[in-house]
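Both complexes shown next keep chain A, but they swap its partner, so chain B is in the first and chain C is in the second.
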Partner chain A sequence: MGAALRRLSRGPASPALAAGGLDWTRPVPVLTLALFLLPIGAGLLGTLLPAFGWLPALGGETLGLAPWRALLAQPGLAQAVLVSLVSGLGATLAAFALVVAFCAGCHRSRLFRRLRLLLAPLLAVPHAAMAIGLAFLIAPSGLIARGLSPWATGWALPPDVATVNDPWGLALALGLTVKELPFLLLMTFGALGQVRAAERLRTARALGYGPATAWLKTVLPAVYPLIRLPLYATLAFSLSVVDMAIVLGPATPPSLAVLVVRWFYDPDLSQRFVAAAGAVLQLGLVVAAIALWAVGERLAAALGRRWLAAGGRGAGRAGARVADLAGRVPTLFAVGLGAAGLLAVALWSLAWRWRYPDLLPSAWSLESWRRQAGGLADAGATTLWVAVAAAAVALLLVVGCLEREQRGGRRPGRGALWLLYLPLLLPQIAFLFGVQVLAVRLGLDGGWLALVWCHLLFVLPYVFLALADAYRALDPRFGRAARCLGAGPERVLWRIRLPMLLRPIAFAAAVGFAVSVAQYLPTLFAGAGRFASLTTEAVALAAGGDRRVLAVYAFAQALLPLLAFLLAMALPAWAYRRRRSFRAGP
Partner chain B sequence: MIEAMQRAAGAALALALLGAAPAVAEPLSWDEALERAPGQTVYWNAWAGDERINAYIAWVGERVEALHGIELEHVKLTDTAEAVNRVLAEKAAGKSEAGSVDLVWINGENFATMKQNGLLYGPFAERLPNFALVDTRDKPTTVVDFTVPTDGLEAPWGMAKINFIYDSARVTETPGSIPAFADWAAAHPGRFSYPAPPDFIGSTFLKQVLIELTADADLLQRPVADDAQFQAATAPLWAYLDALHPQLWRAGRVFPASGPAQLQLLDDGELDIAISFYPSEAQSLIDNGRLPASARVFVLDEGTIGNTHFVAIPFNARAKAAAMVVANFLMSPEAQARKQDPRHWGDDTVLAMDRLAPDERALFEAIPAGPATLPPEALGPVLLEPHPTWMTRIEAEWARRYGG
Partner chain C sequence: MSGASAGAAPEGALELEGLGLRLAGRRLIEPLDLVVPPGEIATLMGPSGVGKSSLLDFLCGTLDPAFEGEGRARLGGEDLLDLPPERRRLGILFQDDLLFPHLSVAENLAFGLSPAVRGRAARRARIAEALAEAGLEGFEARDPATLSGGQRARVALFRTLLAEPRALLLDEPFSRLDAGLRDRVRRFIFRHARVRRLPTLLVTHDPADARAAEGPVVELSISGMQQSG
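Moving on, here comes the complex of A and B:
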């Protein structure tokens, strides 16, 4: 501030001064990377060493393969790996297929433009709440069966069919698909703007290609490289998810990630070596799945080239109609499932008695809300302040990094993007173990610092992704004009860039907030069980019996991020109320 | 004297296991505890899978705050082993004071593990004034936990006994023994199940089967001697389960996630019989809108497993004084009467009625039983828990056989 004032009083700042040692953004990229890479690196090491027998605190002082032999002897390991693969690969493939079908089939429709509005709230809803909602919907005694029973199905009692917690993880795959679809769609929408999709389509259409074929042949090959990393992140996440797997997945055995968490909490401390080996296996599973996906990419590309060169136009009217339906129906169905699940959560939180096959509760009550008010307030407060702190720190670091780009005139290369994605590509359990050991060593475990830091690892990448494009796209001439009028770099940042970018900044903050609210494992591990968030409470209750109480927590968990997004929309509108040209957004 | 020797033996064992000497200090006297407790925060690690119990614990928090100025934080666990693990990890990391757990709801193999590894503070239970009210004579499990003497390292909190809840609107005939259960399940395929071990309800059901079917049930009161003995004693259990599983809900491929989840399935109509650990749980669930008014309870003719659950204080707890005061409050007539009330929890008191003052006894007499609660004399004989080593082995063997 003082520096900025001095510069102002001296007139236009010289470039030399701006690049001098006073610039606060200079250390930010390095600091950000350190905040990121140190815990992840140390965490990975802290997982790898015990996986090979090294954990002196527990008497492990020789390196060897004993933990791996113990891991392979665990009952249900093969089935657990299979469940992870089925649900993880299945969900990613399904979500990707839905995205492609929707974009190819419906890119000319009004729905295409409107869906974006619908997606933001679904994206905001945490995984646990979405899983709970889906379970309320698809269980044998769930809302769907109630809607059809007994008049259509003849089921006086719920059918004995495992529609949730099925041994293969299909319900989990469905839940992951519903949850990942909005993320992939939004990432794809963002990428479409960068590849001039409209121009490509116009050219292809002029050459006689049908709309769906035109999209598949001219837009998809250009868009795919831009959504590759988000796809890998989706794949990695789906393979190693824990909270959703506890709610929707099988239990005997569960998916590998849940099994690893169980071993970690086993009272028999020697199981920690098995857990560490399991976490490394989980890492290997993710790496192998991404490699498999990459091979699939090559294969698809090779086949696709021939298909492209063959020149088929796919221009039939009927074909376009089928493509439109094939794009529209599954996506709307998935989005509808997500929305209906949330409705079921809301209904259950207000029910007193609601037995199968009643479509609506037979007795309503606010009792569940009243009884949970105390616990809800505590868990809500914890969730709120951790999310605000993590989102604020992330925003500060991200703005610092992006501003550094502007001032230094250099953009980070592809390597930096991979680094940024690192926490999203690694299974959480693969390094959270080690992070916890590190936190204990530093005396940080169970403290708020470790908790916020752990959340930051996952919040920061998303905040960066949400803000980077808008920040980089802002016309540099605004800044240059301000500099010509005598403003220093700080003044340009605070008076020009940040106010103009208020809308994307508010959106990025809401994204960061929502990501923090949804964190399950980081809260569990870094909080040493002392910090109960809405997410940890909801997941803990999911194993219990009282759906009404579970619904109260799941609803509150979904509500917080939704409110954050509403606020993110309202704040710029209020700030810009007297600046008409900003209202549409920069 | 014997106690001191046992303690020394425990300490030596811990020394051998962990290579570190536990700090052996004289436990606080009751007066010292009472004096130091105000202002302390007690992190009570307790299984949190049942909302009624969580609400009860929240009420305890309000009462100890009002009575003693103690701040009580319920650290919610899905499995008590999490807390045991945390204390073990702290000990391994050399954290012998200011640990993260002040009080833990515990019994059975978790208590055995903590006791064996020198992870417990005490003996403190006998120093609490309300311990004098505990019925240690007619309720021997208040001082012997799964065959392991408590040695004052845990304070009794409540009595549990296996019973079975069914919906009398759907079910007319109920089985009276473990073999009869198999026949019932065969006649009603897909209508019964049990929570997958290591859920404590599921594990206890397996022990119930074992006690009824094994050749010499007295053997179970001692630690497992060797593999051969375990194989021989449990062979009837596995044969029974192999035959039973195809008749279960989801054909035994999927099991309910927990005891409460199984009760929800009973209300949904997916199951006809659910296992409960608290004699007035059925009534409690009816009152809470979680079971139909037609829910009723039955027990087995030869008796069912009963045990006591406790609270213990880890050796490195930060708030030992306040934890002792909370443990004492939990054994007070006020807290025990509320615990036995089906409107709040519904499990039986550890106290002896004849040791209470008339006004204290009146608290218990005022509790409405409700039509779904069996009177104490109809609950049948109490079968004793096997030694914890049996449970640990059974859980591992179950996972090997049926866990995928």
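Moving on, here comes the complex of A and C:
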């Protein structure tokens, strides 16, 4: 060998540094984590301390269990916890069951491939708008009852049955199921691509297994670990949802999360201690439910193993038909409910006179829109700029993190994924109260910075999830080719990587925008009541009587994210209208 | 060729000294000593999976961080390995043409064209000239996805040449072309490499490539790891 053999160790990282000196992506991952974890950590602490009596601003200067005693003395607490559990666990179980039944039964159908297109717009619809639409649909005076009256039911007046706001939270569970189903389905579709489902199915089918059994026995065990975190997030969200619970849930007592928010806004400031204790109880509830779910996972896995080893083929012709129907009908019903609810919102916003039990309004008008134009414009503008700001900041941070992966050649492990999911696994009220205390301390409360930051906590994880796969899947040789043509790392990023990823980036931005538009509690807490968004207005109006006004706000709330998704699809299509490689779907 | 020293190499030559690769501390290929004078096409032969492409990545400065490179490389007497990839001015052609799918043919060429050519008119003229040389007059606005395999290969070559490289690296650029095309593209690329007097390093597993290169052939020897595929 040559005498001057020098051992060198070179990845792209070190030459990149030599090239331009400073690499802006270097601090981004740490910055992102800090922006993320600091408020959540401080927020949890700021909720935990008052829960044990410590809140000097309100005279709480001794630690003790007094808030908990006060909490336990609250009327209806047990019922509230029960409502949360029924609606939260029930909705998550139902949505998961629907996903499994649909994938197992229908994975060979055309519907399976087409549903994806239908899901994105449904996913975009904010929770509050979806809840309001559902209420318009299933209420005693709703569209369904009108469709059946009086010819089938004989009702000339709305019957006195609680189909919404029922004491057990079943309507809330239904609403949550309809809302979470598209999310879980999309996450499952994403996971299916990663586990080579087609190969597994081919093998199992060749061994004589029926299609549904093959899916359940060979694909589900591989897919489940990939959708575990989204499932936990769904569970946490469903257990602690506030906006949907105000619209669809019972009122006396409401679910625990709504009760806690009520205490926070009680004019009697001493109730804040009760609220803090309630928020901690909510956190405990979520942790317990996730633990319970995890135990259920083990149990199901053990039973599943036995079932697998027993070798039943489930290959009967009739079985496949039944499985197909069992997968198709409930999922289409749930998706249809969501879509019909939106239609009901649109109808109400344009209705002028609409007598019961007429199926359609007898007089139409744009008057509701005209009368609300002022308030709508204000709330719409606030919603718009907060969502644009939060989505833009999130996109910048996410691109920075993903580009850092590319330049450093290292990918974060599974721990990072849990951190990413943290804001989605914790109930919002468990740390938003503390965040507000912190914001007051820093003089940020009620300011735009606190508002956008708070939205960012929830926008960022979704933007990351929406973009990461596409970013990591981009052929790294394009970047290498560009470097060898004399382009520095920044030029590669701006001229090659980002333009090539325009479609997923636009989609991720739309996801971030939609998530921000849907936020209720963060706007309420961080805005300190000074910012009215379409969401806070719609939820506030839900308690009132005028359906037409409510419909106008709910429709506008649903419209903004839909427009964002439309734009996200149109922009890359237009930009690359002359590029054949970009014409295929994402 | 072993033990070549800087003083003995012809001007503008590509000199490799003890160039090798390691993965997780284990040596992938035996260190390589080689001098490629301008206008000569040297061939590195070896089965696929031996790390030939990674060796070229190492030369370019775009080696996957999982690997570790060793040795030295000089071009025209200048140490290459201390430079960031974009300053090494090595032209490389890969198995796939890697034309940027979001850019037109002219934009792809413009991305490669050296910034030393200034002014829109001058740059446009230089690109038109290159297209004419490639037998692709008037292809400026075309979508790369609409080109044939041979046309794409030619655009990729000229994108690389317009960057005014000081050496050319060929990473099996003919292996994906069908048999009839392979020979034509190979002759086209070799002719341009020789005319421009570029020291050229070709890695391939196809003996026909090595014969056509008419230069020295180095068999890459595997060491340490079991190879498959």
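FYI, the second predicted complex is superposed on the first by the 564 of 586 C-alpha atoms of A that agree within 3 Å, B and C clash if a C-alpha of one lies under 4 Å from a C-alpha of the other, contacts with A are read in each partner's own complex, and residues count from 1 in each chain.
Here is the rule we go by: a contact is a pair of C-beta atoms (placed from the backbone, for glycine too) under 8 Å apart; a residue touches a chain by one contact, two chains touch by 3 or more.
Predicted model only: the values in this text are computed from it and were never measured.
By the document's definition of touching, of the two partners only chain B reaches A:P250; chain C does not. When both complexes are overlaid on chain A, the residue A:R578 reaches chain C alone and has no touch with chain B. For chain A, the partner touching the most residues, choosing from chain B and chain C, is B.
Shared-chain residue A:A302: touches no atom of chain B or chain C. In the superposed model, A:A482 makes contact with chain C only, not with chain B. When the two complexes are overlaid on their common chain A, residue A:A291 makes contact with neither chain B nor chain C.
No residue of chain A contacts both chain B in one complex and chain C in the other.
Across the interface of their complex, chain A is touched by residues 3, 17-18, 31, 33, 57-58, 60-66, 68-72, 81-92, 94, 96, 98, 100-102, 104, 111-112, 114-115, 143-146, 159-160, 163 of chain C.
Here chain A touches chain B in the complex through residues 57-59, 75-80, 140-141, 157-158, 160, 162, 165-167, 250-253, 265-267, 269, 352-353, 355-356, 363, 365, 371-372, 374-375, 440-441, 446, 528-530, 532, 536-537, 540-549, going by the rule given at the top. Taken together, the chain B residues at the contact with chain A in this complex read 19, 43, 45, 48-51, 54-55, 58, 73, 75-79, 81-86, 88-89, 92-93, 100, 109-110, 113, 190, 196, 249-251, 253-255, 257-264, 267-270, 289-290, 292, 399-404.
Contact residues on chain A toward chain C in their complex (touch as defined above): 1-13, 15-16, 18-19, 408-410, 475, 477-488, 495-496, 499-500, 502, 576, 578-582.
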